[in-house]
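Going in written order, the chains are labelled A, B, C, D, E, F and G, and every chain counts its residues from 1.
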Amino acid sequence: MLLSALYNYWVVILLMMTGLYMVIAQGNLIKKVIGLNIFQTSVFIFYISVGKVAGGSAPILSQLTTVYSNPLPHVLILTAIVVGIATTALALALILRIRQAYGSVEEQDILAGDGQC
Amino acid sequence: MLTHLPILQVILPLVAAPSCMILQRSRLSWLFTVLVSLAAFVVSALLLQQVMAEGVIRYSLGGWDAPWGIEYRIDALNAWVLFIVTAVSTAVIAAARTSIEAELGASRQTVFYTLYLLCFAGLLGIVATGDVFNVFVFLEISSLSTYALIAMGRDRRALWSAFQYLVLGTIGATFILIGIGFLYMMTGTLNMLDLAERLPAVESSTAVLAAFAFILVGICLKLALFPLHLWLPNAYSNAPSIVTAFLAATATKVALYLLVRFTVTVFGIDFSLSALPLQSLFILLGLAGVFVGSAVAIYQSNIKRMLAYSSVAQIGYMIIGIGISTVVGLQATLLHLFNHALMKAALFLALAGVAYRIGGCSLEQIRGLGRSMPWTMGAIAIGGASLVGMPLTAGFISKWYLIAASIDSGFWPLALLIVAGSLLSAVYVWRLVEAGYLREPQSGQLAAEPGEAPLGLLIPTWILVLANLYFGVETSLPVSVTEMAATYLLGGAP
Amino acid sequence: MIIATAIALLVVMVLALVRALLGPTIHDRILAVNVFGTKTVLLISVICFISGRPEFLDIALVYALINFVSIIGVLKYFEYQGRDEREGMQ
Amino acid sequence: MIDSVLAILSAVMLGLGGFFMVSGAIGLLRFPDFYSRMHAASMTDTLGSYLVVGGLMLTAGWGLPLFKLALILVFIFFTSPTAGHALAKSAQHCDLRLPGGGASTKKADNEISGSAQGPDSRDVVSADRV
Amino acid sequence: MELILDIALLSLLLVTAVYIAWTRDLFAAVILAGIYGLLSASFFMSMGAVDVAFTEAAVGAGISPLLMLSTLAICGRAQRANPQRALLALLTVGVVGALLITATLEMPAFGSPDAPAHLHVAPRYIADSMREIGIPNVVTSVLASYRAFDTLGEVVVIFTAGLGVLSLLGLRGDVREEPIHSPMAEPSHLVLRVVGKVLIPPILLFALYVQFHGEYGPGGGFQAGVIFAVGFILYSLVFGLEAVEKIVNRALVQALAAVGVLIYGTVGLLGIVSGRNYLDYSGLAGDSVAGQHLGIIAIELGVGITVASVMMIVFFVFSAQLARGRAVPHAS
Amino acid sequence: MKTDNRGRADRADAHYSLYLVVVLSVIWLGNSGHYSPLLLTFGVVSVALVVWIGRRMQVVDGESQPFHLSLRLLAYYGWLLRKIVESNIKVAACAWKGPRAISPVSGRVPCRLESDLSRVIYANSITLTPGTVTVSLDDGEVLVHALTESGLAELREGEMEGRVARLEQP
Amino acid sequence: METSALLGLALGLPVLAFAGVLMADQRQNLREAISLLCGGLLLWTVANLYQPALQGESVSLAWLQVMPGIELAFRVEPLGLLFALVASFLWIVTTLYAIGYMRGHNEANQTRFFALFALSIGCVMGIAFAENLFTLFVFYEVLTLATYPLVTHAGTEKARAGGRTYLMILLGTSVGFFLVAIAGTWLLAGTLSFTPGGVFPTETAPAVLSLLLVLYVFGVGKAAIMPFHRWLPAAMVAPTPVSALLHAVAVVKAGVFVILKVCLMIFGLETLKAIPATTWLLYLAAISILLASLVALRQDNLKARLAYSTISQLGYITLGALLATSAGIAGGAMHIVMHAFGKITLFFCAGAILVAAHKTEISQLDGLGRQMPVTMSAFFVASLCIIGVPPTGGTWSKWFLLLGTVEAEQWSLVVLLMLSSLLSIAYLLPIPLRAFFPRNGTTVPGKVMVREAPWPSMVAIAVTAIGCVLLLAYPTIFSRLIHAGI
């Protein structure tokens, strides 16, 4: 019972943690951004799971059904996805400039380049 | 039109930003930005007056009542923070032109002002809204523009700092998002007041606790609370001077506002204090921030970096105020919010003037500046005095309230530690003053003596400096507003 | 039968994912992604029919489109990169 | 009557489509080199897809979904060989050796050389078999 | 079936994520990130979140891998092994994960229809939106009317990002003297050229279709904007960047990005002008439902314009970097 | 587009634009499902906009709108579908039998097709039939990779090329 | 003239002097004339306040209110006037002396010196006339900051190091303890105004009051109670007029004055007696006296010895205040005056010796009495004043202190006072004796003729030395004020 009720969330949490791990542990900036992406996407999955109603259909009204998924999380996640891609684009642009300025996208090289550790 | 004030506050800069983008001419867009900021300031002043006179203002966006739609809800706290942000922003942006012309290429200036307006609008949006998800959206507007603004710094380190901030900021924002998700899951609503009403029914659940923890950590990342502060010194010291002045005076303030809003309004102070050992946590972290921040600041030779660490310390003070969690404590926090904004804006603007003339601001470079740039150095000295908490400056008032609050609630040692902390700040401020007044300028470093900073920069700086003095002497406005806000927040009356 | 198809699609996706993980060359991965993408298109169509809302086929169409453009884009960047690496070696 | 015929037909198509797709996927996994795998992949993309979409079309009935499925079908018909061709071309361009003395070869594979000791370092061996 | 789909997709997601974290070939990581996007979109689909699936398809599987790849093409794909922070990361992840897992224990069961989330605010949207707004897609109703202000924020976010990218990469004041050379535009890419020609007009039309049918089915301004931009991206992939420069004026696209936000903001202000609150469209037409409908169409248009413009700006700026970065591979 | 035959191209353009309008309108109507005046107006505007952009992009021409050979094309694709089914079965068998069943080869197949369009159709047809893949398309020949020797041999027989060539014969 | 206007004038004159000196800048004569003129005017002003203060007339001035209960306000009351009187008189004398010293030494940055000097006196006036603790605190802090550049006047690394110690200890104690104590007082009593008899409600717990008292005594670092005395020897790097300012006129006097005032008007003698911490602090002050005397005995550097002597003597005043008897307070207040006159003479002499003979160590002074008879005689008289024996005014203060000790029945302290007087004889008197009667008949280095210091300095020395003597005859000028104050 418990498993079937919550496994979804658990897997999502594992996904989040994988992403978070990448962000913290990886020294490569691009990898960090990928990690960030995975982290965020997993949060999206979590929200959508919250919005799921057993047997519910997509929240576009039709004569065929009366049970719909909760539309609110969908709306929120639409916004969050946009925020995610915006962040990613900005992060990648920053990485390109960092690469031009430092000649590397590895955190160690950058720190060494600035003489701080 | 008066009924639309809450939304005008945010929508004005928000819509102005794309318009500014279309203007294309940099001087014009500067002027436009100044006017918009000024208008926002007027709106916030009106709002503050209205709130003080009539109490809470609610505004339903799209005409949909909360919790179905998003509502703006302005009480004394929001109005106060809005007032601070707009006031500082107006002063900073008015000073911006010469500094920005010197630090950015011509093609990037319009973009700079647009991003500035966006950041400004984002911060205001965070403060004005009464909807937790809306907070997230506007948090991202302000964050993204902040990253871009920081990256405009001259040094390549600015890029790296912006990236670091971006990663940490995004983690923080995502944490907040997770927290909001949990809250929504447990209550079915996103409206702050509605949440406050519905949370007590489920507050024993671990999910609510986790939501609280996530939101807390997320905000503290943005706030640069002590162990999570690592992004801040880099970001502040490498951003363009004007950006530093703006961010130091507003961004952390808004994050602090969020912290207060969530712990006190949404979760309720009783829950917040009982759920986690928050009181001791805040006080300990605050103290650690005060001491570590100040101690590290003492050893900095780059003044921007020194003041950035000092910000970490000052945030510590504000957190302590929340940790004390009495009316006076909260009032001290809110007062310091205002005073710290005033002093940091003044200091960083003065530094912008120094950087404009000398091209840098290390302790070595400002040697003997008291003679060549007396007004600028005077601003730094007075701002520094305010930072230390000298009597008759604004800084004293908030420190006073903080000490009073800690004694009042029986934390005697805390009062001692607080003043010990401000002693540390006296040390680094003294290093500034000593370098500026008591040391001879480095010989042969500069061909000609640097003149005074340009008037455009100097006047706003001094307006802020005088505000520091004025509000150190005539405190009725901040004291009455913060008292109202604090009693309202803790009074329990919705 | 439609459910069997869905399961078959899932199986194909698993196998394609395995290929994407194994590589060994970049082109193998791209190929796997391509297969994966078209299978996603089909899966979504099938999901539409299973859930009884076939009017959502737009999404499948978008998938097909995006998948195609992505593959072309990937190849383009890879050609840039491949050339750079070779130039770097000479 | 006509409905049940359509249903049976659709089921058969869906089943066959599933079969071809799985076969293709198995080929994708089992075939030894990139170009051979491409054939397997194109199998899943062509007949597999056509059959599945066709099967769905039969159940869809007369209406918008039918048209949309047709559009998907047309789209796949255009894109999958194009993508396949671009892929093959790119592979050849990047010195993946063709069997039977096609293109000249400078390098045995296009994997990263040198610095990266990643999980793919063993890939060099398998790529050599190409 | 739902259960099988659910478990299968989640497992695939997990495998993909772990592999991405593990691999040190960044190219593989990006490719798999694309797969991750595809998978999560399928998952959204199976959860009934069609609009989200639509968006994630465009973003997670389309735009974001493309951007990452172009970054990768400049920055190199080998990643150095540096596990020095692995311990800290594991610790953090462990703590956060444990907290999350504990939190789930007292959550309402997955899919349970009587979870608080489904009982409080959402039911009104489902029950009343048809009467109040008059369009069947509840997500669009909420997005564009009940919570229209969030969406305004969203548009501003994307505008901000576009501006940020522009300020970082696009405003060096030079107009690229050296010609941009794209291998795909070589004559030997005949197949691609012909197929591209065939596909581009339908793609653009489809984007517009999505734009104007957001009220009835999945989609809306954001998705439309992305698809529209994808049409141009395909064009640039096939015919090269300079061809795109010829047909779209850069300054115009930048201005359009701002115009989209302005449209949205102005429609909101019209609410005030018509004597109601900001973003209240009821007063835009004689009858409030018609007014809502009109307002939604207008703001979706604003969203679409901004998103399309920003996506194009971002993509072209990145591509130009790529072309330039190739000329000077190790600028320092 | 060569400059010397611009006048002719313009006339042809109008022709092809009309085709495009028809195609786009069909797509719109087939997808929409809502035939209110408002949406139809949007449809008209959209189609006009896309055609305008398409012409600016110079993608509206005989290559993209091959309606002059639509009927023949249909017949050809009917034939091709049969070939696809056949080769699919072959490759599926190989897949189940395993790697030993195949002997990958590649080779150049001469291609005497004149127009770009027919060459593209030819190349795509080769790729569409599993077992053979067009690797590159050069002047006068096509580089093909095949799963078995027989696939290559079949191509060299030239039946497919002949059929494609007949598409464009007047 | 309106008395409150006089009060305003007393506060404003030094600021005027500050501005005037700054404007006069390099014009030496003008600058010094301004200083002297303002000094004279100030003395006149303060003297005019004497009668009203004595008669208990309420003269007050409120500037601005920062927060409820926290305002910048001033009031003339006898004790404060006593302090102001001494300070304003000695300002003139010190200025006179400084003119000679500075010219004789060719010091740099003289403008800054005179300007800040005036500012310091302004702060002293503020402290003396403060109506409440907040006002007092403000001027107390400004005084610290204004004197810092004076301490580091030389600008050398050593001077800066000394200055840093000075600043750290003074700021540290004042912010760290004093401010907290003030905040605590505000919270407990609701007011910060000085009120005869104390401000605390009677039911306040003695433990809290003890804590506050400890904070006050340590918080007023300028009173140099051990262990917060380090700044005083560190500040010896300063030029002699500055030392005079620190030791006699402004800084340390401000410190002990604050302690007196806090004991008298914040706690009140009754409350003070009831507090357990008072006794402990008394003993601490006593130990401070004794230890400082012992250390002073071991110093060879003249100024250092004087510095430790100051620490010891300040202990007396603190002790007097903490005795919580009227005689004790009177003794303490009296000692402010007497010590001021005595110590300033001693420092003037030390400076004169430095200027004229370039000697800093006591062991070098042998036989100097012949060459500088006036200086050394003055030194002798001043020593007697500090020790507390006739024919000098010091007799009175020591007497009152002894009386207070007896009154408080602190017999051990009586013994201690005796002992430390002996010690002070031991560390002070040998100096003039050595000058006049060189040890082992060491011949005076006759080759270099040493003459007396420049005449302005000599005038100053003479005035203060004579003052020491006169105070024995006319203590009533001050004692009336003291009694009015208590």
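One rule holds in what follows: a contact is a pair of C-beta atoms (placed from the backbone, for glycine too) under 8 Å apart; a residue touches a chain by one contact, two chains touch by 3 or more.
Source: prediction; values computed, not measured.
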| item | value |
| --- | --- |
| Between chain B and chain C, the fewest steps along chains that touch one another | 2 |
| Neighbouring chains shared between chain C and chain D, ordered by label | E |
| Two chains sharing the most contacts, counting C-beta pairs only | A-E |
| Taking each chain's C-alpha mean as its centre, the one farthest from chain F | G |
| Approximate Å spacing (C-alpha centroids) for the pair chain F, chain G | 104 |
| Geometric centre distance via CA averages, chain G-chain A, whole Å | 69 |
| Distance between the centres, which are taken as Cα means, of chain B and chain A, whole angstrom | 28 |
| Distance between the centres, which are taken as Cα means, of chain G and chain D, whole angstrom | 96 |
| Per-residue multi-chain contacts in chain D, two or more chains | 19, 24, 26, 38, 64, 68, 71, 75, 79-80, 82, 84-86, 89, 91, 93, 111, 120 |
| Multi-chain contact sites of chain E, meaning residues that touch two or more partners | 28, 48, 50, 72, 77, 79-80, 100, 104-105, 107, 115, 117-118, 121-122, 125, 147, 150, 153-154, 157, 160-161, 164, 168, 183, 188, 191-192, 195, 198-199, 206, 216-218 |
| Junction residues of chain G - those touching two or more other chains | none |
| Pairwise chain contacts, counting only pairs that touch as defined | A-B, A-C, A-E, B-E, B-G, C-D, C-E, D-E, D-F, E-F |
| Residues on chain C engaged by chain A in the complex (per definition of touch) | 51-53, 55-56 |
| Residues of chain E defined as touching chain C within the complex | 1, 4-5, 8, 12, 15-16, 19, 27-28, 31-32, 34-35, 38-39, 41-42, 45-46, 48, 50, 53-54, 57-58, 61-62, 65-66, 69-70, 72-73, 77, 182-184, 192, 199, 203, 206, 210, 217-219, 223, 227, 230, 233-234, 237-238, 322, 326, 329 |
| Complex interface listing, chain E residues touching chain D | 22-25, 28, 77-81, 183, 188-189, 191-192, 195, 198-199 |
| Partner chain B, residues of chain E touching it in the complex | 99-100, 102-108, 115-122, 124-125, 145-150, 152-154, 156-157, 159-161, 163-164, 166-168, 171-173, 254-255, 257-259, 261-262, 265-266, 268-269, 271-272, 276-282 |
| Chain E contact footprint on chain D (complex, rising order) | 75, 78-79, 82, 85-86, 89, 93, 111-112, 114-120 |
